[in-house]
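The two complexes that follow have chain A in common; it is paired with chain B in the first and with chain C in the second.
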Partner chain A sequence: MTSPTLATRARRRSRLPWLTLPATVWVLAVFAIPTAILLASSVLTYDGATVTGPFTTANYGSLLGDGYFRSVLWDTVWISAVVGLLCSAAGLLVAHFIVRSGSRWRTLVLLVVVSPLVSSVVVRTYGWLVLLQGDGLVNNMLLWTGLTDSPIAFIGSKFAVIAGLVHVLLPFAVFTAMSSVQSVDPVLERASRDLGAGPVRTFLRITLPLIRPGLIAGFMLTFAISLGAYAAAAVLGGGRVQTLATLVRDRMVVSLEWGQAAAVAVVILVVGAFTVSALLLAGRRSRKGV
Partner chain B sequence: MRFRPWILLRTALLTLVLAFVAVPMAVVLWTSVQPDTYPAFPPSGLSLRWWESALTREWLLPMALSAEIAVGSAACALVVGTAAAYALSRGPVRGRAALEGFLASPLLLPEIVISLSVVQLISMLSARGFIGPALLVVTHALIGIPFVLRTVGVSLLGVNPLWERAARDLGASPWRTFTTVTLPLMRSGMFAGALFAFIVSFNNVELSLFLTSRDATTLPIQLLQYMEFQYSPTLACVAVTSVVGICVIAGVASRFVRLTEFIHGGTK
Partner chain C sequence: MKKFACLALALGLTASLAACASTSTGGSKGNELVIEGYGAEYQSIFEKEIARPFTEKTGIRIKYTAAGSASEQYASIRAANGDPGFDIAVMTSLELYQGSKDRLLAPVTSKQVPNLARVPQKLQAKTYGVGAIQDVQQVVLMYRRALFPKPPTSWQTMWDPKYRSGTLIFNPANILGVYAMLSAAELDGGGLTDTDPGFARIKELAKYALATPQASAGAVPYMEKGTATLFPYLDGRAAIYAKTTDYDYTVPKESSYASLGSLGVPVGATNKKAAYEFIDYWLSDEVQRRWALAYNVGPAVTGLPFPADFAAKHITTAEKLEKIKIADPETVTRNRTTWGQQWAEAVR
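Let's look at the complex of A and B:
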């Protein structure tokens, strides 16, 4: 009785994979092929905005030989690392509160943390611009309370860029941390408490080691996004803080050296991929050691 | 109750983090309704003077263009992504994980790199004439597809294939089964996916960075260009308008779907 249905189901099944074709073609045409070509052409000779010539390592050579580029690279890496660490720590704090505390403020806290997601990165950056201007609210407040005599130049400092980036990336860190705290069986924590460990000791000895992979994942995510983030560095950096992303834009739009822009983009990818794989490797090794 | 310093510490840190998140947002709102160029502390009064220059063609046109691009790319992502999600959840399992990973891979690379590679390819093909709204729709949809894939995939988890089989056994055609059984059940996932795709496109900066032209500047890009060179409270009004727009759309949408269901990927 079921055999005709099975037959039609089998026929239908065989046609189904075609439905993935449009999405596959889309991702190939707009993403995979263009980025592959970018990688390949970063080792070709450019004349301004056009690829003209044969294989060359000049794009990378002139970058890596440039002390300015090396300082931008180093700035970007440590700014991203600080952002990643701050996001992971604050994300864990918020996530642990939301998942475990049982407080009636949980929903409110989640709502506040998620709410910036409805606005664009630009809007949030603008908020920081208003706050941190020379005549901005923070300086106003500092002067008014007499904590400082002259306005502090926040805009153009790495502090401002880091604040802006953490603000943008915190929701992602909270989501990542929430799912890893949720995956810890509360029974383990209760057992530790029943055996006499205090809440702090339980957190440090039981919860923290169990959620470490999640924390590392959160760090990797926020670190990698920071490496290529444009808006915060461009606006809050006030033209004085240069990161790899603003450098790409600079080479593309201002100095029209597209070959260098491609090479910087590849550097962003390589630094991101290197860090992610190093952390994954370290994570795997430490788990084996346990 | 015992005095517990760690609870105190946690509350203090948590308050600090929440203030850090909320204050810049509140400041934007406040800037838009006060009279000073640089909002004063203590506050000096209320005024709507900045709104006059915000609600002009200069800002309303990019806002409309951003909305059009967002609708277009969300629609593309919805159609293409739903088809793929349906096939992936019902089709043969072989190669499924790899294909899912491939379709989500655009989320792994920095958007600025994607933007750069698209513009370089376009100019290699001597097709710089294509730079404009249509190209933005195509590129934004790239980021929308993974969202739709995920939300529709999550709602298809809730559709038991037996229900579809029951409809078929009772004599419904495949098309009728799809429209009367499957489609209504995955509708909430499609809705949520389209909404996420819309927001991601409407607010997008880095993907659009190299793909806008003088006659096709999206709202976030225009805001950014202004902010890099000058400071004006007018931008606060523009920002508030765009956020209110998104909130209205999300509010209407949440009457139809429980959006939180999709944030954790349906781990109920």
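Let's look at the complex of A and C:
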């Protein structure tokens, strides 16, 4: 009775690789091929609309030799790192509350975390524009409480871009942290408390090391998305905050330097891939250490 | 056999995706013209004053799509290698220059468009043989009436400590930002080939300015709320908001720059014959006058009769056209990246 079932399962398993074919073709079509074209575009020469040879490193040379580009690169990495850290920290606190707390509010908190996902990034970004503008809610509250005498110019600042990105990306960090917090056995935390450790010490010595992979994954995810995020930088940056994504748009549309636009896009890919790889490596080493 | 079926399915899926991604309209015949232009009030005025009367006269239907800025429209022509799926793009003379250089816009001559011969030489010279200029806008100084009992007379007023906190500094990604920067440079002896004084002025003003819009539509909320004091603007939109808000506009004594509204035909356009007929229609006296009055801009054909109050505020005569400055498209195109960077550094 058992043998035929196993044989059937084995036959089914042998067919499974074919089921992955559509997904593989899809990934090749929408990711690998465009990425290859992007890489090629960054090392070829544009003669008007036509891409021609020979291979050249001029696009990268002129970018890396340009102080302005380096400052934009630095600003983008810096903003993305801050967004990643804020999302990871806030995501951890929210996830801990949702998973561990017995509060009746936790469903509501979960709903609040999920609800932004039903509207588009652009809508959420314009929401922040309304909140942060000169006569917006935030400035009105600051004026009403007497914390400032005149409206603060939030729009066009890095603060506005970071606030918008944290709002947009926080759900990703919360979901990543939730799975990590769920995987920690509460018995370990109770044992720590029984042995005399306070809640802070228990969190720092027991919970935090165990959920570190989730935190790193949340940081990687939000950092990588921030690197290429366009809407928040374009709308909330008000033209004053330039990031790699807005630079790609300017090179593509305004100055029509598509080779350089492709090179900037490759830089985004490389910085993202490098950071993710470095964090994965660090995560593996720390697990070995444990 | 099953392997082949799976492979065929995957290839079919890829082919379907490729077909979906194609930008060509393919199906449109000679009785339909696909035009890509600006949105908002431009679109509604265009449909009422140009599209419907043209269809009534010729039987050619117009399919209009609003796709953003002129540079975005040209970028889509370039991305599609001259076959973006539309027959005419509403752009500026800068895109005509680029299209001529890239050979992605079809030639437009007075043989195909007879009314082109009536356009003054100063404007014809800025089409590079690949389009037509259908209107002339000028950069004006928009000001809040309540703050100025008399209209301001100079661009210099924007740097006046009394008004600078309500000014707007347009990004040079929008051509309005380029012309405003050039006007600022000229206040200190600079100009098209020496823009440093312009960026020095922008840097000074950026400490106080109300906002740094990336498009002319970005000024509208500040006019509606009445928070802006004065700022450079294009006369078409300026006239519209002069009717609905507490703002009015004037041409400063230092004169101004012109933005030339243009029509270009991509080389791969399906309905070139209808496109030429449409351009010729727009350049006719009747339509030129109608469009100028409706959109509050100068016509491309001078010498047409206009009401005195309209003529006082727009480029309607050959004399006024001679006086208005037209920035060399080649210089602007060549320097736009550098100017964008200098602007970003100045407003940081």
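Here, the second predicted complex is superposed on the first by the 264 of 290 C-alpha atoms of A that agree within 3 Å, B and C clash if a C-alpha of one lies under 4 Å from a C-alpha of the other, contacts with A are read in each partner's own complex, and residues count from 1 in each chain.
Everything that follows uses one rule, which is that a residue touches a chain if its C-beta (ideal position, glycine included) is under 8 Å from a C-beta of that chain, and two chains touch if they have at least 3 such contacts.
The model shown is predicted, which means the values in this text are computed figures rather than measured ones.
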Name the contact category of A:242: first (chain B only), second (chain C only), both, or neither.
second
Touched chain A residues, chain B compared with chain C:
B
Considering only the touch criterion stated at the top, classify A:250 as touching first (chain B), second (chain C), both, or neither.
second
Examine A:157 and indicate which partner it touches, taking first as chain B and second as chain C; both and neither are also allowed.
neither
Classify the contacts of A:22 with the two partner chains as first (chain B alone), second (chain C alone), both, or neither.
both
If you stack the two complexes on chain A, which partner ends up touching A:167: first (chain B), second (chain C), both, or neither?
first
Check the residue A:45 against both partner chains and state whether it touches chain B (first), chain C (second), both, or neither.
neither
Between chain B and chain C, whom does A:62 touch in the aligned arrangement: first, second, both, or neither?
neither
Which residues would you name on chain A as touching chain B in one complex and chain C in the other?
18, 22, 26, 49-50, 135, 234, 239, 252-253
Considering the complex alone, what residue numbers of chain B touch chain A?
4, 6, 10, 13-14, 17-18, 20-25, 27-28, 31, 37-42, 76, 79-81, 83-84, 86-88, 90-92, 99, 102-103, 105-106, 109-114, 116-121, 123-124, 138-139, 141-142, 145, 149, 165, 168-169, 174, 199, 202-206, 209-210, 220, 223-224, 227-228, 231, 235-236, 239, 242-243, 246-247, 250, 263-264, 267
Residue positions on chain A within touch of chain C in the complex are 18, 21-22, 25-26, 29, 48-50, 68, 134-135, 155-156, 234, 238-240, 242, 250-257
Under the definition above, what is the set of chain C residues touching chain A in their complex?
2-3, 6-7, 9-10, 13-14, 17, 69, 71-72, 74-75, 78-79, 81-82, 98, 101-104, 171, 173, 210-214, 225, 227, 336-337, 340-341, 344-345, 347-348
Residues on chain A engaged by chain B in the complex (per definition of touch)
5, 8-9, 12-13, 16-20, 22-24, 26-27, 30-35, 37-38, 41, 49-51, 90, 93-94, 97, 109, 112-113, 115-131, 133, 135-137, 140-141, 144, 163, 166-167, 170, 175, 178-179, 182, 199-200, 224-225, 227-231, 234-235, 239, 245, 248-249, 252-253, 258, 261-262, 265, 268-269, 272
